[in-house]
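Naming follows writing order (A, B, C and D), and every chain is counted from residue 1.
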Amino acid sequence: MALLKGILPPITTPFENGDVALGRLRENLEKWNRTDLSGYLVLGSNGESVYLSEKERLSIIEVSREAIPASMTMIVGTGLESTRETIRFTKQAAQLGGDYALVVTPCYYKGAMKPQILYEHFIAVAEAAEIGILIYNVPKFTGINMEPELVARLSEHPSIVGFKDSSGNIGQLSEIVSLSEEGFAVFVGSAPVLFPALCVGAVGGILAAANVAPQEFSQIQHLYENGQLDKARELQSFLTPLSKAVTVTYGIGGLKVAMDCAGYFGGDPRPPLQRPGKQGEDELRHLVSQLRNRAGSR
Amino acid sequence: MALLKGILPPITTPFENGDVALGRLRENLEKWNRTDLSGYLVLGSNGESVYLSEKERLSIIEVSREAIPASMTMIVGTGLESTRETIRFTKQAAQLGGDYALVVTPCYYKGAMKPQILYEHFIAVAEAAEIGILIYNVPKFTGINMEPELVARLSEHPSIVGFKDSSGNIGQLSEIVSLSEEGFAVFVGSAPVLFPALCVGAVGGILAAANVAPQEFSQIQHLYENGQLDKARELQSFLTPLSKAVTVTYGIGGLKVAMDCAGYFGGDPRPPLQRPGKQGEDELRHLVSQLRNRAGSR
Amino acid sequence: MALLKGILPPITTPFENGDVALGRLRENLEKWNRTDLSGYLVLGSNGESVYLSEKERLSIIEVSREAIPASMTMIVGTGLESTRETIRFTKQAAQLGGDYALVVTPCYYKGAMKPQILYEHFIAVAEAAEIGILIYNVPKFTGINMEPELVARLSEHPSIVGFKDSSGNIGQLSEIVSLSEEGFAVFVGSAPVLFPALCVGAVGGILAAANVAPQEFSQIQHLYENGQLDKARELQSFLTPLSKAVTVTYGIGGLKVAMDCAGYFGGDPRPPLQRPGKQGEDELRHLVSQLRNRAGSR
Amino acid sequence: MALLKGILPPITTPFENGDVALGRLRENLEKWNRTDLSGYLVLGSNGESVYLSEKERLSIIEVSREAIPASMTMIVGTGLESTRETIRFTKQAAQLGGDYALVVTPCYYKGAMKPQILYEHFIAVAEAAEIGILIYNVPKFTGINMEPELVARLSEHPSIVGFKDSSGNIGQLSEIVSLSEEGFAVFVGSAPVLFPALCVGAVGGILAAANVAPQEFSQIQHLYENGQLDKARELQSFLTPLSKAVTVTYGIGGLKVAMDCAGYFGGDPRPPLQRPGKQGEDELRHLVSQLRNRAGSR
């Protein structure tokens, strides 16, 4: 069974002239395949999944599965607003070779998404799914947070195998690790806290900035696992400005600029998203060049 | 041209055995057609639009247009996350006879939805659309608020003809009325503030509770326009408990229960949404019976 | 008994060389006494009460009482964090001639300020007080909101005679008016919504901007009570930019600048508060000059 | 110079019959003095400082200094709303033997507390103070957060020697450690994240739960510093339920109950705060008994 551990980028979706550029996607994957990444998240938030038609989403899964070797894990983001559509899409992802499905909390009707409602949603998806399910908690996009007690209850279901926490809340992640079932795979989804997340028991990170710096984030985990805490902490601090720039500051448009600078195909996001202006591009180019200098000086 | 004024319910979508029940939809519309409602919002938040497939949405527009007389206004909710998909769907809605399109603020990538990004999104949609556009501001679902200055700038575009504000913020609605172009149609989207919204210049309300009490909300506006402020205020106070019960307290599941009690077809929402439990049903039944008693005693 | 109705400014505290300038306070009051204001709030949020020593606060009450004629109402802000200190200070305010005490929700331990805790606090203060109590709800400063049901319960106490709502939420104010005891005096504390607040039943406003434009806000209420709704609405819209500038945009520093421009003594706030920079001063001067032009053109 | 490192409890203030019980305070300190605590925070949030008169505050500092040996660090909470009063009180604390002053962000006028305003406030206090200053960031009480860049700028002042971060945000704490001056002492103020805070470079913790479990929290730091990460993590997880119970769940009332159970004098908080009800007391008693069982079994 595909490994649930290590660093995985939530891969971006390349567009050319507004259309999904599957060739570019394949090229990016071939480059990342040569790094120490343990796998990929396809169709996550950073994949602009909410901007894609169903047909586009299916083609992206297909091409990704072809390009991703069996030795690397392919998680597919399959969460939609309704239970029914989420189940349907999760089945499609399994048929197309997804190893696991990442299911975001439904969120449009925020006030109604009480713990018991979320519990029943995830259980229904898990019952129907033919692959393991990871729950995706991303309050900054959804306005909803999954409390540790609720995650612990869900972790008892044999098909609910893990959790991605993009809240940035290390106390919460720590509680989830401690309360959930043995073997439940908790990933952190916020790059600036990869190192402390590992310290409290995360199995790895699903990190936007790993699209740009796959090797460096893999190295943090490697250092941590070898007991080289000071070096891990130092590398983490070095990567934090870039990590923030490609998420909170400039978002997906900024992430794509940074990818272009780092030798991957970034390109434009779909409107209403935009690339950052000149100043943002300069800052991102500078941050990526620091990355290259560091690699060169070693 | 279809009138932009008065009370319009954002109609719910009836389901039977999990599937869209178009016959039930038609029956509901035929009942509402006999009231003083000025029109309808089809595929709004209360229509569970985010839970419907594209095919289902198109069939709902078609059936609604058949059932809604030309003398009543049909607004269609067409806002999706990407500019491209929003334009495509707005064109479809126009072809199927929608009088106006209501376009919600894109919201998944909240941090990126800066005023200029929203401005360009709405202008792009307005440029492409063949029908007039109303902007839909609903922070409780989207986590995004449209500031009055931004709305005022957008109101200058000839195809951006109105605004639905579900923020509940009357100071903001008042500023929007005062800053936007002459003739820009500002609707309130929160039933408990219909009366003060009319006082500060709203042209009407698009109100979930009007699915249940179409005649009563129409009467508030009638009383207001006839200078009977005390009676309008009193009727507003009478309707507030029901209005809150079918939105903040019990959500769409509660709205559908109340519709069942009031002689319309409510039925079940799609999961993860649920009907409220026994206690909620009892409270809603009681509130609807008060409505009937009041009508009977007059 | 002193009237609870009409427009009252929460008066600012004048400082010269960092010390309370009682002579300036007296001069301001003498000017305001010649307007249509119905009274004053002394030691409210805009009086920088949290920056004053106890001795300073007592001297301000004394001087204010001397300068305010018996025909005008003097409300004193007496809310402190502990129940014990609030009671002690409310008694002092009564002895010094305060007609009513305005008691803000305690707020430092936000998480602990549950409805029942707040209920017991206000009841304890009301039981001990020798003057009538108004409750002060100002979520933007306190992070706490008083729900209508809680206010309604408190309104049953004979010594709890009114409420000042600075939430800006007209739906909430409307519910408070409708649920609370007959004769309970609900004031609005947010100038941009004075007009809609009057429409839903507020008895008047306690408004920062009334320090600068006492006559204009009094006129809104006068117009409203004479059924001249269009004129009231128009004057409200005219005053909104100034009202926002002296609160949300530039705060107390801005309010004091505007007072200087309008012929009152504003002066400096106490640090850490500051006067706004050059651009802010220019904007405020311009807004006050518009006020004067309007008055002159009538 | 007194050490800035290790575990310090923000000591509670004992009351008997509503008055400060200095004898009880002395007894508590004598017990804590026999533990591995490195010092104390006197008059912090958990000391109900906002409920104390100036006279009470001064007597508490005096008694504490007498009871605390010179080998242990005494930090005094001296932050008030105005710059002027904060300076005055910080000088008093220094004269009474405080080793350091902890200065909370002023917060009543939240909207006005812009970074530059906060910067000037802390610089003014540091310039005037005769002892080193630590900045106190506690968004859950103040509604204000200090960004890492602002803290880094302030860390350059020779009298601003440290920071207490009670935000619970480990990513932020990590950035503050990395951006601030060498030797700047960053304490974590949230017990459930003591362990990850140490991992990213905190020098220790100022933790409410350390009033109850001084030895256990000291041991986490001891284990961490000896490279026994697994044991430190395990002890952290064991202490988290108690830590949350005496802060987020039951607040200061709950902390005092837990102290009573653990052999210290807790007593009642001042109203409006209250002790939790029967159910809360039972839960707290159970959590403290688990602490004792663990200690006994070792």
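Here is the rule we go by: a residue touches a chain if its C-beta (ideal position, glycine included) is under 8 Å from a C-beta of that chain, and two chains touch if they have at least 3 such contacts.
Computed from a predicted model, the values in this text were never measured in an experiment.
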Both-way neighbours, i.e. chains that touch chain B and touch chain A: none
Joint neighbours of chain C and chain B, given as chain labels: none
Identity of the chain that, by mean CA position, is farthest from chain C: A
Whole-Å separation of chain centres (CA-atom averages), chain A against chain D: 36
Whole-Å gap separating chain A and chain C, where each centre is the average of the chain's CA atoms: 50
Touching two or more other chains - residue numbers and ranges from chain A: none
Touch-based graph of the chains, sorted into line, ring, star, complete or other: ring
Contact pairs between chains, per stated definition: A-B, A-D, B-C, C-D
Contacting residues of chain B [partner chain A, same complex]: 18, 45, 50-51, 53, 81-85, 106, 108-113, 117-118, 120-121, 124, 140-141, 143, 248, 251-253, 270-274
Complex interface listing, chain A residues touching chain D: 168-171, 174-175, 178, 190, 192-193, 195-196, 199-201, 229, 233, 236-237, 240
